[in-house]
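Across the two complexes that follow, chain A remains constant while its partner is chain B and subsequently chain C.
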Partner chain A sequence: MTRALSFLRGLVHLWPVVLVFVAWDAWVVLNGYTSTVAPRPFPVVTDVVIGFGEYLPYISYTLGVALVGLLGGTLVGFAAAVVVWSSAALAGVVTPAALIIRSVPITALIPIIARIVGYGDPAVLTSTVLICFFPAFVFTLSGLAAIPASGHDLFRVLGGNKLQVLARLGVLYAVPNLMVSVRITAPTAVLAAMLAEFLMGAHGLGALFSESRSYMDMERAWGVALVATTVSVFVFLGARALENRVVARVT
Partner chain B sequence: MTAAARPGTAALFGIGGALLVVVAAQLVGQFQLAGRAWPPLTDVLAYVTTPAGSGLLLRNGLVTLTAAAQGLLLGVVVAVFGAALALVVPMLRPGFERFAAILNAFPTIALAPLLITTAGREDTPMVIAALSVGFVMFVTMTSGFANVPAAHSDVLTVLGSSRVQRLVRLELPRAVPSFFDGLTLSAPAAILGATIGEWFGAPKGLGLLLVSAMQNYQMPLLWSAALVATALSLAAYIVFVQFQRIAVRRFG
Partner chain C sequence: MSTSTIRTAQAEVDRPAARPGAAVTIRGAEKVFSLGRGRTLQALAEVDLEIAEGEFVAIIGPSGCGKSTVLRLAAGLDTPTNGAIEVFGDDPHRLAKQHRLGVAFQEHALLPWASVRANIALPFQVAGRRVDKARVDELIQLVGLVGFEDARPKQLSGGMRQRASIARALALSPDLLLLDEPFGALDAVTRRRMNAELARIWGEEKITTILVTHDVDEALILADRVVVMTGRPGRIRKIAKVDFPRPRGFETTRSPEFHDLVDELTALLDQVEGVDD
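On to the complex of A and B.
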């Protein structure tokens, strides 16, 4: 009973979402927009619900790309950070460069990758992996740098080597940071996947978006916006839940 | 580690790292290791220094910078106002917090084409930049306001201050460092937002330049536009980091 109540209370607290829908409807009606300019919420939601089967392949493609990119980018970033961490000189040289490359806007990165890798699935995936790579790299490295000197000393006195410091101490410091990076990059991965799909892909929500826009199917275009937001929010919530679990386990 | 402990060494390593990236980029281009799409850096720089190239980049860079700056201003004002409203009217708070999580995950691309038909081609980059900034600022400001020690808030309440007085005398000054934290995140977000808006058929701007250079296989132009976009993003970030340092010294 209390569970149901708290669930209901949670639903009530979603009132800003309802407000957005009401404002959207009012905005369309008050401006007198026709459905080719901006459709009202109800037909859009109907399109999503009835045509969900048509959306599904696009959703699964985008979700798949975003998750693979997130996982791949995070793993590669973690591994690269560990390699770099093992040498002070390497860390000093690579970290500033990584910080600079990290501030390349996605919109500038994707066209270049598209040209280098070639149009299509590999470019979409490469873009997403690369965008998740740098935060994971930077966060892991800062976690490893936070190992206290006393910890290093203890391992040295007990005769532990660098690998043991990493496996028994480094992971404890790096993993919570790595999970922060996963939470931060999760929505960015979805955004990057969609931008890449929009620009070149034949699959995914981004492609469906550009397709429905060129056919002036505005209900579908807004429906994609709605679905993409939902997907992104769920990926973010999933990443946050994962972060909480992992951090609770490690610390 | 030890490198970070000595600032001179760290700076030396930093310069070394930057040089390494430049040399590597040049070599990859020179030997065509990544195909024709990766030109040598010298070609890109040669293009930037031609009058036609520099004029084109300057004009479009200014358009993007203006859109990003206007968006930044608009987004910051609205987000701070919204976060303050949620603080003064406690009933709104749980709803606003949930909404902040949704906004945080919102893919701005979802709005871009829809804004083109309503806000117009010219204004869309600015609106997208404002939205991206607004989302970031709202999230940081809500957590900044929530970060006030209960004891301070209790003292003011016991002394009979109203919610608005508490906001002005306690929560706003306490949130100043968060405000500047948010700005350092917002500056690159504004540039990104503006370029996303320009991808979808804006008449001018770096985003447009990037897409058209990609489609027409103008590699030096594509790379130099990417360089300019990165430079803008990095410069904005560095400027706001300096502000943040000053703010932390004064209010932290």
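On to the complex of A and C.
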């Protein structure tokens, strides 16, 4: 009984989702749009539910690319931050490069990336890595800069060298910051993967969206958007859960 | 035979290889900090202090009198602007490089992700030595943290964290132990108990120790000599020899002689603070 009640109470929190669907339906009906312009929610949801088996390979591809890109971007950003922290000379090289990568819109970068690493999968993955790289870089750097003075003092009186300060102190102090970066970039990684797929990929939700649109299969196209949103939300929730666990372990 | 002769004799027995004479020599040390825009702050003015091997010296003084600066100079964490400091006849930071220095900081500086055991084992790892598990266990017992070996710092009380921090400072059996108000944040009862424990630990290890504190009782319970410092810039006002027999239990702390010395030093501190105001 109590379990049922708490389940119902949990459902109440989903009111924004319900609101979105109601507003969507009202918007289509009130404007008198045909399904070619904008389909109503019900056929879209039906398409997703009935055709879920057809969505599945695309979902798993996009999810895979997003996660690998997230991991890769985080590692590259982390490594770049460590390099910048360790050496002022290298900081002068890495920091401007990182800023430039950050400042150029990813949509403008994708064709260039594709030219360099090849169309298709490598370009999709590289774009995702680039999107995830900068937050990891900035957050790790701020984590390393926030090593408390007493920590530095401790390693000095213990006779530790800079490498030990980094390995035994800095890396672990940077972990909570790094997890914040993972949480905020995780949904963006899905977006970046889809964008790259949309522009040049043959696989994934982005490609499925582009393909459905060209066949005027609007239920499928909107279904992809719906699925992508759901995937993003779950990736975010997963990242947040991971962050909570990891931060509890290192602080 | 006075207590100090007994102690010196013991120290020689315990450390036959160590150099005789002064462990720490501070000569005319001045420290000026730059505050930026050409402004400076003189923390220390001409401090002279010699600390013998095996001696326990407490430095007391009002907040901001430069007592922690003296400790940081001895630890090699800061260098004097003028004057000189030698630790065992060498540059202070050499002692740290040789892993012969133990420091317990005001903020315990324990690694939050590591257990008590791992925190105490850290000096071994940083020194590139195999962790002496027996020594770590012995220290855990010495500071009374048995049963909390696997606890992380956030699971411990303030007093327990300080004890873990002291155990870490003792891990490599250092030649010099520096304690920077390690009990500053503790309540009076815990503090008294920690003083008794520190006195016991020191009795067993007989390490040359400098303790910075603003608690006169604490200084008198623990130290062979008490250095009273004045406010900014920090100068040594008086060095008092403390001859009460050890261990200094309630009989000592309730004695009129103890109270007289507490009153005398407190009066000095009051004057100092008066000047500061």
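Methods note: the second predicted complex is superposed on the first by the 239 of 251 C-alpha atoms of A that agree within 3 Å, B and C clash if a C-alpha of one lies under 4 Å from a C-alpha of the other, contacts with A are read in each partner's own complex, and residues count from 1 in each chain.
By our rule, a contact is a pair of C-beta atoms (placed from the backbone, for glycine too) under 8 Å apart; a residue touches a chain by one contact, two chains touch by 3 or more.
It should be emphasised that the depicted structure is a prediction, and the values quoted were computed from it without experimental measurement.
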Touching partner for A:Tyr33 - first (chain B), second (chain C), both, neither: first
Partner chain in contact with A:Ala202 - chain B first, chain C second, else both or neither: neither
Partner chain(s) touched by A:Leu172 [first = chain B, second = chain C, both, neither]: second
Chain touching more of chain A, residue-wise (chain B, chain C): B
Partner chain in contact with A:Val250 - chain B first, chain C second, else both or neither: second
Which superposed partner A:Ala79 touches (first chain B, second chain C, both, neither): neither
Touching partner for A:Gly151 - first (chain B), second (chain C), both, neither: second
Chain A residues within the chain C interface of the complex: 148, 150-151, 153-160, 164, 168-169, 172, 249-251
Touching residues (chain side chain B, partner chain A) in the complex: 1-4, 9-10, 12-14, 16-18, 20-21, 34-35, 37-38, 94-96, 98-99, 101-102, 104-111, 113-114, 117-118, 188, 191-192, 195-196, 199, 206-207, 210-211, 213-214, 217, 219, 222-223, 225-226, 229-230, 233-234, 237
Chain B partner contacts - residues on chain A that touch it in the complex: 13-17, 31, 33, 37-38, 85, 88-89, 91-97, 100-101, 103-109, 111-112, 114-116, 145, 186-187, 190-191, 194-195, 198-199, 206, 209-210, 213, 218, 221-222, 224-226, 228-229, 232-233, 235-237, 240
Parts of chain C lying in touch with chain A, wherever the complex brings them together: 75-77, 93, 96-99, 101-103, 105-107, 109, 111-113, 122-123, 125-127, 154, 178
